[in-house]
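Right after this note come the structures.
Note that chain A is present in both complexes that follow, paired respectively with chain B and with chain C.
Our next item is the complex of A and B:
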């Protein structure tokens, strides 16, 4: 029953009926009321469960899912335009990732730590841009302790992890102190200290701590002792660092929500002046938050070294710390959100290899997808606008049939025009003129699409101009001796549709096709 | 009869629900006549500002119709409203402090000068010549000549658009597009704008220096700038949102004179307020909103303050507070020769000394900005005093941290509840425990919060202080202003203080909430709490305080008992007229 409601609640992001939301809210309040009478542990479990029923819980999740879907659609278009089979690519990606799920979790492990680091600091109202540097410091500290002192199994990795966390924490605490007592902006200091850390560890690896012996392409330290290695849990890659990451997720959630420290940090993050007035030492909290965030990033580095690389390589991290920022954004700065977001990114990374091998799509496509997801998550207004407009269309369609359909047809042809002209952009042998006009067509078609989507009737005029451009393109193409019948067809359809829509709109006696 | 009346604005059946479920307007129908002063009265959270923001295009309505002068409009942004002659002066001014009055007024419609200012043209020409000089090093001679000719021609065209050229563009539409294109690169015509502002100011009696920086102006003058801004945009329907809440009594009188003048010149004025005095003094008709519903529209001549108050609150209101005589006990707060500097290092409190005893209310009156804010901040530990001592009971709290001061038994109701009082994204529970969250009973073991205790304590407080607008788990930002302030008061009183520092405790609150807070303060006093009340509202000070001190320019300029003085005398003291000089000043 409740599950059904949840499902409905999720669907309503597009449907937007408030009735369901009110229903779920009633159920939730009911549960909370009843839970008060139940004994301790059950009560807290039920209360935690009721949180799942709030709109505040589902909204960011739906937001993220919506962004993922949108990003997938756009990446599919990009793949199609560049001449790859998107269907094959996606199936390879998903299948590849699912069959090698150990790899997914392995790829996500450092991202969980890094994401937590950024998210935790963000809760205190600060930006930790320098997780990368903290991660390098942590990894170096762990790598050093891993080979210089022999310790028994079980204790050795713990000591290394603790030292790594400490090193990262120190590297985060420093900008924290600067921020709290000198007002130096943490974005600048963490960023700059990040480069300092990378160069410092590079120097260590290439100089004093360089592995003795023959010539190395890439500077590296001595292999850590076997006692210091983290055990492999599953498959070839997944090491115990993943368990530690899960523990950290729960720990961070606990600290933020259930401790005085987390309470004070959130207070400082939301409103520093009010927190100070209430007697909270905001300076202490600022410095501590960056310190703890640095510690989490340090753990990321340490666990990677102990679990995978087993020694410090020069520039071993491909920007994991910076990816932590995107993880935190996608995870809405919530610890569990970060966990899901990191696993999603791990999924993309693991599946990306399969996609590359089977569908021959360049591995960089994964980066494009990640970027698109974050872009859409970080641009809620754009999504909101699209959702609102779609909703309006739904309402409009229920009162009027012909005009919405003509609008929709126009949008489809504009989109198709964009796609087709993008493909033509690749035909470089047809000369500059041809390319120029197809570029113009694609821009015009995109503009027309969005204008019609916003129900601005000028979009049809733009669409008409685009159709004229198709004819010009056909003329130019004819001179170059290619088959232009398809271009003429697209142009004709677009011209007819836009003129029809214009007539319809004018017939309604309004300059804007207004549904109400 | 009815159809003869011309309406400036008609709002028909407006509904608005905020995300989060608060229904701010429920089927509100308002008709405002051409040329009248219309009061929009209601408690905080009654939906007055919401409906005006809908009219002004700041918010979108869920349903309903908006008709401005017979034309049905769908304002999508304030620009749509401005185009139709609607201007709004917001409660919180929308000005940019470091810019001058002129720059603020023309913001958004920066005029390009037809006749360019000499300085501007000189600057443009100098820059062009400099650019050409640099270019001459990089380009071969022939190309340089062509570039130079083109650039100079463009500059001349932009600065002095020739007649011929304008006539060539027969279509006005293309000309408008061209003008728009060119106006972005043309120099700004500040002088013309300043002249126009000066003219508007003179015509309407709103004297202000167009070249003064806004940050150097008093609040009253800033409000003038806001009014001028609407007039500059040729507004003849003026919406004023709580215009008097930031003004001194004298400034309020000046504003009323201005509004009278506007009315004579045929402008329509909508005055949003929660104070009963104002619409009774100024308005022709008054509409009262309560809980988002229009209670009724009455003519001023046919109503009374009592009736309006009843419409607003929904029940008869007692204007006076029952106050038994004070029984002062021992000295709780002893301030000696306190000096405090503000964040720019300028002395704001220049040596004040006073005592507050248990079971009495000491009121500090004064126009805002005369050192009260800094004094309060020093008392509660937010600002380190540069000199002097503060004793709470027998504990030295001079320069100690806010937590130390709190633990010494001081509670603080901050003057700005949004900035200092509350953490709006926190839940009600979290805000109610803020400041006490780190000690038992709110922790189960060191460092770990006891969320059950949070819940039980807050649900008790929500009941006791009748904080309406959701249970303990809802966000504080969804509460109305009055309920937010009740929350602050509840939290500060529950910690069992010896001394309560209340700064502007009823600012921006409606009749009902003000009454509640006054009663609470009096009952705390009767229980033996020492209360320091800082307020800009003279009436409040006079009804509540047992002693009044008046602050002006960081000093105490007068010490009175409320029964020995009157508003006139206090007003003069607040304006800086020392005793003995009064007669001279009055003659002037």
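Our next item is the complex of A and C:
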């Protein structure tokens, strides 16, 4: 009964426009209608502005924000369990990044290029996970031209950048051709060619292009000439590559949305067969998309070498090409989204240093956060599901009081049990038995939480088993001579709550024929 | 059984023959180069042993990848699962002083990460590649973080007890074989057993049939009343368990029994290459894994023969071979038969 009601409500909210969204949509349509009468430039600006009012614009943004928040929560839990103060860490991260914003932009520069590379290729329906190799090729080409030929100021960096882009583009074009004409899956070929490129540049830096010198053991090329260096814009780090990145963002957005090439690429990405039927040469577009993506990745490498490192050395890139995937994913494969996402990740990286210095949390925490963000963004339905379930709970609460409350209490205790058992996992001196049971409790509790959240009444049985585990844990702990009263308390509360909830659900099943 | 044998012979004959020719040529050249029977035996024995050692993690991870990809889920997160397995093995051994518990922890840790991948890819119909990237990033960050939290060190953890090696005294008198098979980690033998078990499970049980059907033709499997999601979930989790075991071998099975930052060093990707080069079959994976392990060993091997030491300057090209071979294989030099519905989330048709 309740389920049916809720289903109806949900259908209504999905089908018809609810309050705020409907109003915004009305305003937008009104604006679009009026703009038709206005002169050209104003009309296009207004029309561009109206796009900001659509749900299609806000949805990915809100989704991304949601995943960032969820990732932050889990990171905080990991920090707490590892014995760091998560609040202090986050505040250090945020203030550290805000006070050194030049550093943020500096860290985000290569990420913008790499993210654009992945996003551009994705628009053509392909996945470029080999941006790392293209980036290495680009950086190597730029580094070689940087020290081999003398050129005047101003022209030299441009030549180096162009060569870097070209090298990257060639390295991206190769899998593009293989995909277009031999059907080789680009995910695998770009990945494999990426490693090939890394090894090849490694050989170049260690062998024929190694910096001469008797005591030179490092595998690195000669420093580039001063004429080839990109000027510093702001602070110690931020170089002119950032401006180029911004230009690239605008350029990619323009190419994708305002040119025939971009239209064809998107058509191929949307439906290759349909594009072929419409007379678009999908092979050409596939190869070209990967080529241009490779060029963008090559620019990332070239600008890093010319702006920061000033020479090529082995494994200089901390997985920038790989992080490009995360940027593109968080930016919803939109050029401007990529810009925002890259600045966000640059923010994390720059803040990570401050976090390390002030809260003593290792910088690797940033990598953990990055991975978590990507995992959450990868599953949009997860966030959708959480939002739907939460809405349902709200509506359920308005028709029924006792059962939602018992569900909520059970969820809280399950979540607390998870947290508590995670902390107990650190008490390794208590022996294998103890740790094994705590691990079991934590897994059971988290499973119970999600099952109850999904309104699966079997979750209460899992919760009950978890509470039994708490008692066992207490018994084991008593043998080891630790204070176990808190574990017994948690177990007792969990047992009572789950039994009560089970009774309530069973009662509902009898009277209404449908358990929550 | 007979037809399967025939098929195996027909399809799998190329790689073994190529391998055999290379090995025979290499042995001949080595013998010419050292010109001394005792040294020759020791060298080739070492080569064989090191090949087995390098191949084991690749074979394990690639076998895992096979279970996942056969069920229709791309798993580029193998690298991350191996890494977390390597870490969990050392951490659990460090706390409980028993490498067998470390082994168990490694398998479980890989499995837990695989559950995350499975939830995202199978339940939430997320993008497999993106999820795999997230897994890799998370594992790399998490293991390095915990390295610092537990041991308060940056590069490498404290040394723990290694898994006891298996001794084969009755083999010791045989030249080459004696050097090669004596004193190996039990995981090496375990990997070979797992290849056979995987083949049996994959091709001779209803479970394997359903798993393959989930990757080849999910709608038919669904029409037969079997849950596609369930089989894909199981496939991904098995891949995590095996990759975790492969990671445990890296940290506990050979060399210094400790965890080093980023110690998988791209082996997860080489495992993917072995999977593709082995054409998504257990024995193909075994052959490809051995071959790639052999290439990995070769770059160290040439250092032992004075006449060949110049090759070491070009060792990067030896390391490149697996990757280049896979690109060539996919470009159509050899027929690659990936599962048909790979990377396609299965959506049940909605009831009207």
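Rule of thumb we're sticking to: the second predicted complex is superposed on the first by the 488 of 516 C-alpha atoms of A that agree within 3 Å, B and C clash if a C-alpha of one lies under 4 Å from a C-alpha of the other, contacts with A are read in each partner's own complex, and residues count from 1 in each chain.
Rule of thumb we're sticking to: a residue touches a chain if its C-beta (ideal position, glycine included) is under 8 Å from a C-beta of that chain, and two chains touch if they have at least 3 such contacts.
Keep in mind that what you see is a predicted model, and the values were worked out from it rather than measured.
By the touch criterion stated above, A:278 is placed in contact with chain B alone, chain C being left untouched. In the superposition on chain A, the chain among chain B and chain C reaching more residues of chain A is C. Legend: residue contacts after superposition of the two complexes on their common chain; A:199 is shown touching chain C, with no touch to chain B.
Using the contact criterion defined above for the overlaid structures, shared-chain residue A:248 touches neither chain B nor chain C, since it reaches no partner. Residue contacts after overlaying the shared chain place A:189 against chain C, while chain B stays out of touching range. Touch criterion met: A:364 reaches chain C, while chain B stays clear of it. Residue contacts after overlaying the shared chain place A:329 against chain C, while chain B stays out of touching range. In the superposition on chain A, contact of A:375 is made with chain C only, not with chain B. Within chain A, not a single residue is touched by chain B in the first complex and by chain C in the second. Those residues of chain A that touch chain C in the shared complex are 78, 82-83, 127, 129, 175, 178, 182-185, 187-189, 191-193, 195-196, 199-200, 202-203, 206-207, 319, 322-323, 325-326, 329, 362, 364-375, 377-382, 385, 428, 432, 435. By the touch criterion stated above, chain C contacts chain A in their complex at residues 74, 76, 95-96, 98, 101, 116, 119-120, 124-127, 129-131, 133-142, 144-146, 148-149, 266, 269, 272-273, 276, 313-314, 316-317, 319-320, 323-324, 326-327, 330-332, 338.
Contact residues of chain A toward chain B in the complex are 32, 258-261, 263-264, 266-267, 270-271, 273-281. For chain B in complex with chain A, the touching residues are 380, 382, 401-403, 405-407, 412, 414, 419-426, 430, 434-435, 437-438, 443, 447-449, 451, 473.
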